[in-house]
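The two complexes that follow have chain A in common; it is paired with chain B in the first and with chain C in the second.
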Partner chain A sequence: MAFGKKKDNYDAQNYMKMSLKTFLLYLVIIVFCVIVIAPLVIVFSSSLRTPENQTTPLALFIEFSMASYQKAFSNMNYPMELLNSIVTTAGSVFCIVIFATMAAYPIGRIKTKLARFLYFFFISGLIIPSQMVIVPIAQTLNRLGIPNTRFTPMLMFITCSLPFSVFLFSGFMKGVPVEIEESAYIDGATLGRRFSTVVFPLLQPAIISCVITQGLWIWNDYFYPMVFISKKAQYSLPVGMLQFLGDKENPAQWNILFAACVLCALPLIIVFLALQKQFVNGIAAGAVKG
Partner chain B sequence: MMKKLKNELGYFWLYYKWQFLTVLTVLLLFLYFGVSALTEKKTVLSVMLLDCHASCSQEEMEERFLEDMGFDRKTEKVEVQSSLMLSDASSGNYAMTSLSRFLTEIGSGKLDLCGMVLQDFEKYDKSGTFLDLSLILPQELLARLENYQIRTEDGRIIGLDPKGLPVLADCGCYEEEAAAVGIVYNTTRKEKAGEFLAYLAGE
Partner chain C sequence: MAQQGKPKKKGANTSLVFTNKMYVFLIPALAFFLVLWIYPLLQLFYYSVTDFNGINYDFNFVGFKNFSKVLSNGTLTNSMKNTLIYAVFTVVLSNLIGLGIAMALNTRIRFKGLFRTCAYFPALFSAIVVGFIWSYVYMPGSGMIGSLMNLAGLNGDTFNPLGNFRTALYAIAFVEIWKGFGTTMIIYLAGLQTVDESLLEAGRIDGCTEWQLIRRIKLPLISSTITINVILSVIAGLKAFDYSFIMTNGGPGKSTKTLMYQVYETAFTDMKMGRASAFSVLAFALIIAITVLMLFYMNKREVEL
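Let's look at the complex of A and B:
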C-alpha cells in the first residue's frame, strides 16, 4: 500500500513536470504561429476596408467592404495580368522540370569526370545572383535579336532555376535504384523509354518540391517582368500591383495594395487547396521506399 | 472503312500521342514567333522618364508622340517608360528594379532619351551617359533655351530643364522637382532623338 501510494505520488509529480514542459512548448509554438500569421491577418483585415479608411491596421476587422477589391481589380486589369502570370509560371515550371530532369539524369547516373564537371558547372550557377549580370544578359539578348516579349522573362526564369533544379534532381536521382532501369534495359527499353516510363515517375517527390519552390518564386517575382516587358498588356500580377505602392509625394494606398496582394495570392491558394492531397501524397511517396 | 480509319487513329494516338503533341507544340510556337516577328513594329524612339510623376499615362504619351512626330502608326512605335522611380520610390526593391531597367536599356543601346531628377542626372553624367547637345541640336534652339540648359563644369550642354519643354510640362512631368532631360551617349538614333528633343521644346 505504501509502495502504491508512493507510486501515485511519483506519477502525480511527473504529470506536473510533463504538463509544465508541454505548456512551455505550446507557448513557444503559439508565439511563432502568431508572428507568422499576424501579418497575413492584418493584410486580410485591411483589405476589407474602404480605400479612404486610414485607421491603424492593428484594429482588426472593424469594417467589411469590398471597395478596395473592386478598385484593385479594375485598376490592375486583373484578368489579363492573371492570364499572363499563369502562362509565365506554368510554361516556365513545365520547361524547368523537363530540362532539369533530363540534365540530372546523366549527371546522376554516369560516374565520369565529365558528369562531375557538369554537376559543378550547374551548381556554380547558384553562386552568382542573376541581378548582378542582368546588363550583360540584356546585351546578349539584344545581339541575338530576341525581342522584349512575355517570353523573355520566361527564358530568364528557366535559366536561373536550372542550377537549383538540377542540384535537386541529381541528388534525388542517386537514390533511384539502378536495378529498376537495368530490368527495363533487359526488357528492351531504349534510353528515352527508360527515362520517361521508369525514372521520371520515380522522381515525383522531387518534381513536386521543384514545382512548389520554383512556381512560388516565379509567380511572385517582378524583377524580370519589370526589366524586360514594356507593354502594359503583358504585365504579370506582381508588376500590376506596383502601381499601388506610391511614392514620396503620393503615399501608398495600403488598403487597395493589400486587396491586390490577396487577389494575387488567391490563385495559388486555390491551386494548393485543390491539389494538397496530391502534394502530400507525392512527398510521402518518396519518404517510404521499397 | 470508317472503322478501319478509327482503328488506325486509335493506334496512332495510343503509341505516338506524345510525339504528335510535341511536334504540334513546336509548330504552334514557330507560328506564334513567326507571326510576331513579321508583325512586330519597329521602335523608332525609346524614351525613359524616371521619377516624372506624369499626369497622363504611358500609352497616352506614346500615342501623342507617335502622332505629333509623324511616324507611321502601322509599322512604327514609340516606347515611353514613365512609371519607373529611382529617388522617389517608397520601396527599395522597386528602386533597385527601376535602376536595373535603366542600366539594361542603356547597356543594350536601346535608350534614346532619358529624363530624371537633376541630382541623379549629374551623377550618371560623371560616367559620360549623356551627349553634348550642342553637337545635335540647332544653335537657334539652344540659344532660345539658354536659361534651361544643364551645363557641366567644362561647358558641355548635357541636358535641358523640363520646365523649358512645353510638351513635357503639358503631360505633367517634373512639375515640382529640379530635373533634366538628355540624349543617351550610345543611342543609334541621334538625329531622331535630337528632333524629338526639339519637338518637346515646342519646335
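Let's look at the complex of A and C:
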C-alpha cells in the first residue's frame, strides 16, 4: 500500500532500499511502544494475582484472580471515591467552560488596550505554579469562611484553569466570523443572546479541547484535594491512592497496590478508549490553534 | 507586562456591535481570578516578612530575616539547581522523543492509530499512580528492571537509581518524560500534518536528502508547534513536584528537592509559612525571569527559522 501507487521512478533497487527502511521504522516504533507499555502490562498482570502470590512478576498472566481487586476495592471505598471524582471533575469543567468562554468573549472581540491588558493579565497566570501560592490561598479561603468540603478543591481547579482556558478561547474567538454577530445585532439580538446562541455554539471545537485537557488534569490531580480535604469520605480517587503511599516500599502489598492503581485509572481508560478521536484532536487543537 | 497595557480611559472602543457592555461577561472569571489568585499572590509578599506559622495569627514582623535565611541555608540554590536540571532534561528529551516518534508516525505506516494510542497511554494515568508504578519499576532486586537484569545474568540488586543521590533526579525526570512525551507527540503530529505535501515533493525533485527535507522544510514549517511544545514542557518542568513527593520524598539527602517540593515541605512539614512565602517570592522571580528570557529567545528563533 505504501509504495505500490508510486509507480513512476522507483526501480527494484530503490524499492528494496525503501522496504528495508520501512522495516527499520516499524522495528523502532514497535520496540519503543513495548518499552513504554511494559510497566503497565506487568502492573496489570500482577494485579490479577492473589495478594500472596508475589513470585516472578515477569511471568505474565499466569493467574487470574480477583482477590487483590476485592481488597483494594474495599480499602479504597471505591464507589464513594469514584462518585467524588466524577462530581468534582464534571462540576469544575462545567464552570470553567462557562466562565472562560464568557471571559474570552469581550477579550477576543473588543479591540482596545484594556482588553489586551486583560488578556495578558489572565495568561500571566500560566507562568506561576499555583501550588506555590497554596499557603495564602488556604488563608484566604479560611478568612472567607469557606469550609473544607469536597467542593473546595473545585474552586481552585476553576481558578487555576482560567489562564489556559481564557488563552484557548480567546484564540478560537478569532475564528468566529464577526459578520455573523453583526447580522445578529442588526436582527435585534441582545448581547446575551448573541453570546449564547451565536458565539458559544461556534466555539465547540475549543470547548471539546478545554473539556478534555482540563478534565484530564482535574481528574488526575491530587494536590488540592490533599490540601483542602480532611475527611476520608470526601476523597477523590487520586487522593484515596495516597493511603497506599507506605505500601510502595513493601513488596508484600504490591498486588493490592497494583489493583488499586488499575481501579483508579480504569474510568479514564474507558472514557479514552470510547472517545479516542476526540481526545487526540482535542489535545492537538488546544495547542496548535490556541 | 503589566505596564504596557495601562488603559488610556475608555472611548478607544468605537465599535457599535462590540460595546463596552461586553465587559460584564468578565465578572465571574475575574472574581475567581482576583480573589483566589491575585489577592493570595499579593499576600504572599506580606507573609514573607513575618514569622507566621499557619495557625497563630499574632505573628511578628521579622523584616528580611526569612529571605536571608532561605539564601544562607542553601535550600534555594539547591532546589533551583535541581529544578533546572529536571526541567532541561525533561524538555530536551520529551521534545526530541516526541518529535522523533511523531515523524516516524507521520509516514505512510500501518497501525498508526494503535502506535499513537500506545505512546499516549501513560498520559492518562494520575501522577500518583505513575509514581507507584515506577517505584516498582526502579525497585532494586525484585522490581521490573532489577528482575530483567537478574534474568540477563546481571545482579539486579545493585540497580537502585532512586537510592543514589547522583541518579535519583534523573530517574524521576525520566518518569516525567515517560508520562509526558505522548502529549508532546500528539501536538507535533498535528503540526506535521499541516506541512504541505507538495513542498516536500518539490524538495524531493530538487534532490534533497531525507535529513535536508526535515531540517530545511519540516522543522521551519512547524516552528510554532515547537515553540508551543517547548513552552508547555518548560512550564511543566519548572512545576516539578509529583515524583519528588511520591517516589523519593526529596531524597536521598536533598538531591530531588525541587522548588515546589521545598515550598511544600517548608510550609506543611516544618510549619514555617513565613519562610515558605519568602522562598516562593524568590522562586517566582527566578521562574518569571527564565520564562520571559525563553519567550524572547523562542520568538526570535521562530522568525529566523
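Quick note on the criterion: the second predicted complex is superposed on the first by the 253 of 290 C-alpha atoms of A that agree within 3 Å, B and C clash if a C-alpha of one lies under 4 Å from a C-alpha of the other, contacts with A are read in each partner's own complex, and residues count from 1 in each chain.
Note that a residue touches a chain if its C-beta (ideal position, glycine included) is under 8 Å from a C-beta of that chain, and two chains touch if they have at least 3 such contacts.
The structure presented is a predicted model; accordingly, all values stated were derived computationally and were not measured.
Judged by the touch definition given at the top, the superposed model places A:Ile110 against chain C, while chain B stays out of reach. The larger set of touched chain A residues comes from C, when the choice is between chain B and chain C. In the superposition on chain A, A:Cys261 contacts chain C only, with no contact to chain B.
Contacts of A:Leu245 after superposition: both chain B and chain C are touched. Of the two partner chains, both chain B and chain C are touched by A:Val135.
Look at A:Lys232: by the touch rule set out above, it reaches chain B but stays clear of chain C.
When the two complexes are overlaid on their common chain A, residue A:Pro147 makes contact with chain B while staying clear of chain C.
When the shared chain is aligned, no partner comes close enough to touch A:Ala274: not chain B, not chain C. Across the superposed pair, chain B and chain C both touch chain A at residues 131, 134-137, 139, 141, 222-223, 227, 242, 245, 248-249, 251.
Taken together, the chain A residues at the contact with chain C in this complex read 1-2, 22, 25-26, 28-30, 32-33, 36-40, 42-43, 56-58, 98-100, 102-103, 105-107, 109-114, 116-118, 120-122, 124-137, 139-141, 144, 155-156, 158-160, 162, 166, 178, 181-182, 185, 191, 195, 216, 219-223, 227, 237-238, 241-242, 244-245, 248-249, 251, 254, 257-258, 261, 264-265, 268-269, 272, 276, 279-280, 283-285, 287-288.
Residue ranges on chain A touching chain B, taken from their complex, read 131, 134-139, 141-142, 147, 149, 222-223, 226-227, 230, 232, 242-243, 245-252.
Within the complex formed with chain A, the residues of chain C that make contact are 1-2, 4-8, 10, 12-13, 15-26, 28-30, 32-33, 35-37, 39-41, 43-44, 47, 54, 101, 104-105, 107-110, 113, 115-129, 131-137, 139, 142, 144, 147-148, 151, 178, 183, 186-187, 189-191, 194, 225, 228-229, 232, 235, 238-239, 241, 246-247, 259-260, 263-264, 267-268, 273, 276-277, 280, 283-284, 287-288, 291. Across the complex, chain B meets chain A through its residues 36-37, 40, 51, 53, 58-59, 79, 81, 83, 85, 88-91, 94, 96-98, 100-101, 103-105, 107-110, 176.
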